[in-house]
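Think of it as A, B, C and D in the order they're written, each chain with its own count starting at 1.
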Amino acid sequence: MSILTFIKQDAVHLNTARVALFLTAILLVPVVFGIGYYLNMMIFIAILSLPAMGLSLLSGLSGQLAISHGAFFAIGAYASAILSTNIGINPVLSTLLAQMIVALVAAAIGAVVLRLRSHYLAIATLSFAIIVELVIKEWSGLTGGMQGMLNIPAMGALGREATSDIQYYYIYWPITALLLLFALNLSSSRIGRALRAIREGEPIVDSLGIQAAEYKIGIYIISSVFAGVGGALYAHFVGFVTPATGSIMFAIEIIMVLALGGFDRLWGALVGVVLITLLNEYALGFADYKKIILGVTLIAVMLVFPRGLLPGLIDLARSNKYGRTA
Amino acid sequence: MLRVSALEKRFGGLAALNDVSFSVAPGQIKSVIGPNGAGKTTLFNLIAGTLSPSAGDIHLDGVSIAGLPAAAIGAAGVARTFQQPRVFASLSILENAMLGGHRFHKGGFLACGLGLRHTRREEEKLRARAEKWLDFAGIQSIKHRNASELPLGQQRYVEIARAMATGAKLILMDEPAAGLDETETKELGEMVRAIRGTGTTVLIIDHHMDFIMSLADEVLVLNFGQWLAEGTPSQIQNSEIVIEAYLGSDDDA
Amino acid sequence: MNIKKLSLTALALGASILTYTSAFAQDGAPIRFGAPLILSGPGAFAGEAGKRTLDVLVDTVNAAGGINGRPVEMIYYDTEGKPDVAVRVVNRLVKSDRVDAVLGPIASWEAVAVKQALDRAGVPTLMLSATRASVDPQTDCMFKLPADDAIVVSKLYEYLVSAGLTKIAVISTLDGFGDGGHRELEEQASAAGIEIVFDERFSMEDTDLAPLLNKVKRSDAQALINWSSSRAPVIVTNTVRQIGLEIPLIHSHAALSPAVLKGAGENAEGMLAAGAKFEAADSLPDDDPQKAVIQEYRASYEAAFGEAPNQFGAGAYDAFKILTAAIGQVGTETKALCHAIESTSNYVGLGGIYTYSESDHAGLGTDSVIVYQVRSGAWHIVK
Amino acid sequence: MTSLIVSDLIQIVMTTLTVGSMYALIAVGVSLIYSATGVINFAQGEFVMLSGMTVASLYGSMGWPLTTAIAVALVVVLFYAALLTLLTSILAARISLIGVLIITIGASIATQGIAARIWDSDTHRFAPFSGEDPIRILDATISPQALWIVGVTAICIAGLIWFMRSTMAGKAMRACSLDQAAATMVGIPVKATVLLSFTLSGLLGAVGGILTTPLTTIDANSGMLLAIKGFTAAMLGGMGSIPGALFGALLIAFVETVTVTVGSSAFKELPTFTIIILVLLFLPRGLVGGRNEIGLQHEDLTRQ
């Protein structure tokens, strides 16, 4: 039995192999291209991929859309910032502790709003996000109000902290890759299967003795924690957080990322983040044009590839291939 | 094994089901018949937990299951097939059947995401279990096809494999022969007997009299939400009350 | 005149070439400045004026042969009025464009956010934001230009006490600018003999302020201070008129712009604001050293762009002048440059007369701030 | 003392009506489009922005007559409504609901950028129709423009309700909103109906922009926040129901006004959004009762 067939047999092996290959390539990039500003961009891609992957898990598996991922990004960022800045917990630990807070909030909110679906769920999660933003703005004793929090400790532990982009690059990308692997595994496991089934009919799933509601809350929590980890990594990288960090516009931007990359593809989320980051970076100084480009791109992608760019291009490649052989 | 006592379901002021009591012995095929609106599907929904009863009780192996959530009743060993086959259209047939065995395994979100070894072993077991019942239902050869690609008749077998994979003690089948031709109905009868052969109890609703009469061990007749008659097929066929009820309604023959 | 200027330039050029060739081979390499400015969104008028001003200044300097023979290159990025974007573009200026100095940002909430990144990178920075927080706590090489909330508040309180208006209502926006002003208004009140009888925050996105201002109307305040920037002063002014609130309306220095006058129209009549002398150069006494400088800038800006400049362009102007003067003295080596900027003394600028020191990176005193009132559609000096 | 309380109440009522009318013009528009297409139109606020900016520049800055400026603004908005119909309903015939939602987001963002290029990013305003001097009722005051807003909104919405109930086209719209497939079968031109609903809701938005800009000001980026307010109001009342949208809008305006009056401006939106979550949970069809129960239709946003 060759390695390839061994890998093919098991989804976990296949996912691991793909992610390992991807991570290796990513880690080799600085070796080949050296140190440069692009590292900064790549770090943002690693960070923003997390909320995008989180939302992709939710929308891809359960077919639902939440506008709360910006809020959980903010909760992760603020919680870790407060724990590390005010209490002095080290950033690695505070990042982890922050996720417990995110998970608790997500569980509480999920238990309440996940009975809703479709536009109603979207609006309910939007309302929650607006409330979070207000609380952050108003609870200035804790969050620094509109001014936000400054001088958040850099990521690090044991007396060593990351100071340069290259260090962040080598810390953050493995984290993103591991979470990508987690998401891929989850999606190809029996839990992913159950969620895809719930998407088609909750009563049938219930009739099989599966607690559909629990699964929905579970995936909502996991998906929110992805956003929360992204927030914490963001806070310890840029060193400040403000109420704009996880605003409604940010949540909408994540949805646009998925629109570009495909709602049911985890890899697509990465592609979407890369596209948005490049656009942000190269349309710098032309915010009005950036808006025009972004808006027109979204419309064009949706019209040409309704399932998103990545799935669309894959379909296109397939049809061409079959076209040639036929 | 199933005992339904004085069961009642009201929607607003209307009683869809009123004071219905009966029981099903283990390993039996029991059929529920009655004109449209007799409350047959309501009865199934109550047993399966999709609806909760207004009054009365339902016992499964001596344990009351009335009013429990559907998932808990599913876990207690009641599975069902639906009037319109309801398969998970975007999943493969194998995956549909694997969902039947889903509840036996414990691997949670974290274990599955981490791809822990035991979750992968579970997955193997799940697959083996699913394949066994696909084999039983005779659709093993097409297991990789998408469930949505199948004709209605075959979707019924996917539902059966899925229900059997849950390890159910009792299967509720709501008009499984609807839309089937004669040969197919015959095959389905064989399948139902095979299910009984595994020791599973079957409660079945259907309109095809020939089909039911040749298949059922016992028949329960409902009319306007009321218990009308109960007995062996031949007793029922000769019951004047039943004949009258059926003649009185012009929907069914 | 021309020949004289030319020969002077040549002389300076020659001198600089000498100094540089003798020191290090930096000759002719461009000096790069980064300008992270708000160029889109509701505050775009501020960044736009800054950019126009800097463009002209750069052209002038380069036409004259650059600074010590080195041409100046200006790199602009749009901060979009968002702190996270501001940090991203500042990182890019520092890490990718490797600028020698930064001029900006303008919005207070951007300035506060980029402080850490700039301080880490050790790039000399001249902040164009009005909030005290941009240089407080002080860092090694960060200076600010516009008059800040601390001195504006103290000037306003001085005026209010002299006018007998000691019971005031304060409204401020929920953002970095509102935060800074709100803090100063609270801290300085009791010492100045002012009682704040009403104090509430509101959101910049809020377009309906009638319920808030109705509450002010019911309070026994003798004057209303509105500490907000961008479009909020316009909405406040219009609403004050619409609900018939008749106590004096006083704005922060952020309201001192033609855009606010235009947006508020006739509703602006009678309102007050405190800030730099920039908006009323013509009514300044002739012995005011700033008068000529301001008049000249205003005239040339209006000639070039067909509209009146604003204080944000003026801030950029002063920053550029102070920075290039310092570079002219010591070149672009960071430490020396910071020291040179810190030694700026009595520079007569558009925004005031600047004197930085080791303990003061804000550079202005209350004497550079005046109180204005709008009369027949224009800002006039009250005090 | 009593007069103070009475004028407080008058003030609250007047502000609620004014702000509620602004929200209602957007909410009813959102609701109309939702009925016709099943999609929440994120670009709804752009109707308001485009009309407000057009009138502000033509009438406010360039000194054209008000009526001409309004006419031009209406033409601009009608053109925009047709464009949105094309993008969301004609070209995007086989796209998932979320895809169409994204198209409306894309349209909104692009419109903001284009508007900022055509005009600028500054705040704009033009003089109120009947001057700036407030009208006094006891101690309460109200801007004459507020009367314009409330009056014209009332006429527009009453007219719309009449149109929906009494004309063939209106009945066709209602039929479409109930069941598009069935409407097609009985020969109702669905695409034309969709265009009609975009047109009507565009006109409502335009009226909103023209009426409210003198009070609230407008800038190129105002649209999206207005849209969010609008569809929250529509959802609160019950999606797809015109009286519902009106009621939701007034309720939000009332809650906001009371919150600011007795509490603090900083918390203006907190009660509103808490109420929304509660209403969605306990009265899924909205307070007045909209077309869809949760999940009855459009269960899966990503399905095509």
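The rule is simple: a contact is a pair of C-beta atoms (placed from the backbone, for glycine too) under 8 Å apart; a residue touches a chain by one contact, two chains touch by 3 or more.
For clarity, every value in this text was computed on a predicted model and none was experimentally measured.
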Determine the set of chains touching chain B that also touch chain D. A
Once chain A is disregarded, what remains connected by touching is B | C, D
Using mean Cα positions, find the chain sitting nearest the overall protein centre. A
So which has more C-beta pairs touching, A-B or A-D? A-D
Suppose each chain is reduced to the average of its Cα coordinates; what separation in Å results between chain A and chain D? 32
Chain centre separation (chain A, chain C; CA means) in Å: 38
Let me have the rounded angstrom distance from the C-alpha centre of chain B over to the C-alpha centre of chain C, please. 76
Taking each residue of chain C in turn, which ones touch at least two of the other chains? 40-41, 174
For chain D, residues that touch 2 or more chains besides their own: 116, 121, 266
Counting only residues that touch at least 2 other chains, which ones in chain A make the list? 137, 199, 287-288
Can you identify all of the chain pairs that touch? A-B, A-C, A-D, C-D
Spell out the residues on chain B that touch chain A in their complex, using ranges where they run on. 48-50, 69-76, 79-80, 82, 86, 88-91, 95, 98-100, 102-103, 105, 107-109, 112-115, 119-120, 122-123, 126, 162-163, 166
Could you list, by residue number, the parts of chain D that touch chain A in their complex? 40, 87, 91-92, 94-100, 102-103, 105-114, 116-117, 121, 228, 231-232, 235, 239, 266-267, 269-270, 273-274, 276-277, 280-281, 284, 294-295, 298-304
Any idea which chain C residues touch chain D in the complex? 40-45, 171, 174, 200-203, 205-212, 214-215, 218, 230-231, 234-235, 238-239, 241-244, 259, 263, 265-267
Contact footprint of chain D on chain A as seen in their complex: 59-60, 63-65, 112-113, 115-120, 122-124, 126-128, 130-131, 134, 137-138, 199, 248, 252, 255-256, 259, 263-264, 287-299, 302-303, 306-307
Of all residues in chain D, those that touch chain C in their complex: 4, 8, 11-12, 15, 18-19, 116, 120-125, 127, 132, 134, 136, 141-143, 145-146, 215-217, 219, 221-222, 225, 256-257, 260-261, 264-266, 268
